[in-house]
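Okay, so chain A shows up in both of these, paired with chain B first and chain C after.
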Partner chain A sequence: MAGLRRLLLDPFAVPFMARALVVVVLLGILGGVLGVHLLLRRKAFVTEALQHTVFPGVAVAFVAGQSLLVGAEVAAAVSVVLLHVLTRDDRVDTDSALALLVATFFALGVVVVSRSDSFQSSLTALLFGRILAVDARQIAETALLVVAGAGVLVALHKELLLRAFDPAGGAALGYPVRRLDLVLDLVVALAVVAAVRAVGTVLLVAFLVTPAAAARLWCRGVPAMMVGAAALTALCGWLGLAASYQASVHHGLRLAPGALVVVAITAAFLVIAAATRVRAALR
Partner chain B sequence: MNGLADSLGSPFFQRALVEAVLVGVVAGAVGVHVLLRRLPFFVVAMSHATFPGVVIASVVGFNLFLGGSAFGLLVVLAVVALGASKVLDDATVIGVVLAGSFALGVLVLSARPSSSRDLSAFLVGSVLTVTRADLLTTAAVGAVLLAALAALHKELILGAFDPEGAAAAGYRTALLDTALLAIVTVALVSAVPAVGTLLAVALLTVPALAARLWVDRVVPAMVLAAAIGAASGIAGLCLSAAFGIAAGGAIALSASGAFVLSAAGARIRR
Partner chain C sequence: MTAAALVLRGVTAGYGREPAVEDVTGRVEQGGSLALVGPNGAGKSTLIKAVLGLVPLLQGTVEVLGRPPAQARGQVAYVPQAEALDRSFPITALQVVLMGRYRTVGWLRRPGPADKALAAEALERVGLAGRAASRFGTLSGGQRQRVLMARAVAQQARLLLLDEPFTGVDTTSTDVLLEVLDGLRADGVAVVMATHDLSVAHLACGDACLINRRQVAFGPIQEALTAERLRETYGAGAVVLAGGSTIVTA
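What follows is the complex of A and B.
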């Protein structure tokens, strides 16, 4: 037991490790609630696209020395609106419009960052975040964004589920279907913004898509899926961060903590997928 | 603009121009099929999923093309296997596999010293450092891909517009789909030296989307998309030299510029 305790609990006695775990748990809560909605609406690509489109906003804010959060918020809002404008043309389907936005926004970010002197290290920091470098103020900001995003989703829970399972029925009952879609996209943008400093802009999709997909295989009922997804992220965050700490402190092997957490989440998904396959075969 | 005049004479820049044009032509032509089959999300996913293959290949000193392509094909198989149960939709499965394999690439890369420079070269390309051998590889791979597209043209079009009809006529549609996915994956990997994995998405979708706004027929769209892809490569490199900005980003932005002009042109014509 003592060995296990040393492996799993001692790393979090270090303040920056404890802060990293708090951020992962917070993101896991928003990722669980939001991820299940995205899963029901099959919106994996929108999530993936938005996490890239905030990049130029972050890059411009970085170069101009402004708050990264504001830059990310502006870029996310602009890309959500552009997406809705672009898809009004019949010859441009949603997937193509998303690919266009991803390519353009990401390229814009790369060009902006390439003008700064510290190109390589800033690019890596913006893309992958610095989860071990978050401070108390950033945790407070992340918590605020998580509460706001999850709060909107909980408040609109009934309407969003109706929209997901029976859009025609929802419209017939007089619910503003298009505005509900916009709200969901904007909460995704909020989640991307909340995650950007800790896990960067490219690993976030793992927090939104993978835990919800695993929970879909394992849990019944929408609230249970949300709780299951959040719990899975928290557990994998704990194990991943602890493993990264052990590797770097005791074995001199540098393993990016954010990436290790995502790999742990993916491994958990694969185990659950295999387990459900076996369970179905035994039945 | 002095930077541009100086650059034009340098062998680095001339090699970069050839590479950008080759990649632009191949990616533009393949891109039309990407749009026909609604594969943009697949391309975005593969741009992330081939990444660990490229990283691992570079760590063990293996050919980057082969490493990226081999891992990409593994990922295609994983997507097909996980999607078979039908509990999860394709987009979700692609999202899971994409995120996981990208993180794996980052993880492998982080274990090496001096990782951040190599990492950004993979992500956004470094076209000015391509060698003569890189050019030959790109040209050979591109020729094979274009030949495959030409040879399978009739079958691919039938499969895109009328998959049931193709199956009823006795075509092996699953094999055909796999062949197309393989072509797209190889085209993606061959664009990596020029524009990097993330921006290769731009060349595989945006020129085709722009061409789609001018013409409705497939072959003219492929020719036009190839021309737009090549022109984006040239324009991007010139912008990059003139203003000292990242070449991969400038190439992708030039393609986006072509789309914006095409969209404006289409609006005016109506």
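What follows is the complex of A and C.
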């Protein structure tokens, strides 16, 4: 018992570890609610795209010495609006529009970052985040973004569900389908912004897509899936951070904590997927 | 005198410059029923969407219960093809039916006990009371179509628009659907359905509109769907049987 406690609880007596866990739990909540919506809409790729399009905003803010958060927000909002403008024309499909935006924005970001002296380290921070460097103010900002994003999704739950299940039926009932899409994309942008400093743009997808995909395998009903996904992220965040701490403190092994959390989430997904298969086979 | 459920005057509709359907004129009274008949790509779906106000009119006017379509949406229920919906979607039959109540419930609110009672009643009407908690995707094609019909019933609309409601539907479900449609019509609800199943069109509808990008005929079904017109519309796909009736194989 004492050994287990030392392994799993003691790391979080260290303040920066506790803050890291709080951020992971917060991001897990938004990731769970939003991820399930994205899964139902088969829109995982939009997340993938947006995480790259915030890059130039963050880069410009970094070089200019401004708030990275504001930079990310501006870039995310601009890319979501551009995406909707581009796809208004039925001849431009979403995939092409996204590819175009990603390539352009990412290139812009690289150009800006390469002008900075600390190119390497700043690039790494943007791509993979600095989960152990999170301070109290960042936690407050993240909490605000999570409450706003998840709040919008909960408020529009039934409309978003109808739009995902039966777009023609939703439109026939008079719902503004395009605007509902825009809202969902803006919340994705919000999530990207909330997560970019802690987990970076690359690992973000794991927070949004994988827990929801895992929850779908074992939860019935949409609300249960959302809670399940958030719980899974919290659990994996706990285990991943603890493992990274133990490895670094007791074994001198430096394992990136954010990446370890993502590995834990992916492992959980694989275990759940295997268990689901076995259960189906036994029936 | 009450307004007609649906009045079409010279309706030409579609996206862009090329209209998908041209010059359709006719009316459906309250409690009336119209079959939209025509080959694939004839513009049946476009015409339905024009009535829903979802496809722009290039010419002509649509009037639903005496009003423009955009203002009559609460009065119009749309029943899509069950096949068009994602079977893996994690949603129960009852939850699908409840969607018919969403507009009445309004933004930011959840359906209440009265809405749930109406939804349960609608499910019972299509003979699926026992399947309320079943996942939509686990039901058979015919049962899923019945659930979508129940959703329209729960919406309590005055005009029902159905897109190929009998495609891939077993005979039991077809009978249930026809019975429910009859019941709704007796209550004064008007029914418009796109279909290429002529026998069902004859069973369910008093009037027919034969279209093939433009209107070929509009009127009482026996007069509108003559063997000659069906041949003209479907070409070699129309076959006259020994009994004198015409079937469409295309």
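FYI, the second predicted complex is superposed on the first by the 278 of 283 C-alpha atoms of A that agree within 3 Å, B and C clash if a C-alpha of one lies under 4 Å from a C-alpha of the other, contacts with A are read in each partner's own complex, and residues count from 1 in each chain.
Here is the rule we go by: a residue touches a chain if its C-beta (ideal position, glycine included) is under 8 Å from a C-beta of that chain, and two chains touch if they have at least 3 such contacts.
Values in this document were obtained by computation on a predicted structure and should not be read as measured data.
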*State whether chain B and chain C clash or fit side by side on chain A once the two structures are superposed.*
fit
_If you tally the residues of chain A touched by each partner, is the higher count for chain B or for chain C?_
B
_Please compute the chain B to chain A to chain C angle from C-alpha centroids in the superposed arrangement, rounded to the nearest 10 degrees._
90
*In the superposed arrangement, does A:Leu40 touch chain B (first), chain C (second), both or neither?*
second
*Between chain B (first) and chain C (second), which, if any, makes contact with A:Gly169: first, second, both or neither?*
second
*Which superposed partner A:Arg216 touches (first chain B, second chain C, both, neither)*: both
*Give, as a whole number of angstrom, the minimum Cα separation of chain B and chain C in the superposed three-chain arrangement.*
6
*asked:* Let me check the overlay on chain A: which residues of chain A are in contact with chain B and also with chain C?
replied: 216
*asked:* With touch defined as at the start, can you tell me which chain A residues reach chain B in the complex?
replied: 39, 42-45, 47-49, 52, 89, 91-93, 95-96, 98-100, 102-104, 106-111, 113-115, 119-121, 123-124, 127-128, 202-203, 205-206, 209-210, 212-213, 216-217, 253-256, 258-260, 262-263, 265-267, 269, 273, 276-277
*In the complex, chain A residues that touch chain C*: 40, 90, 155-156, 158-159, 161-162, 164-166, 168-169, 171-174, 216, 219-222, 225
*For chain B, which residues are in contact with chain A within the complex?*
35, 38-41, 43-45, 48, 82, 85, 87-89, 91-96, 98-100, 102-104, 106-107, 109-111, 116-117, 119-120, 123-124, 198-199, 201-202, 205-206, 209, 212-213, 244-246, 248-253, 255-256, 259, 263
*Would you mind writing out the residues of chain C in touch with chain A in their complex?*
15, 52, 54, 70, 73-74, 76-78, 80, 84-86, 89-92, 96, 99, 102-103, 105, 107-108, 110-111, 135, 151, 155, 161
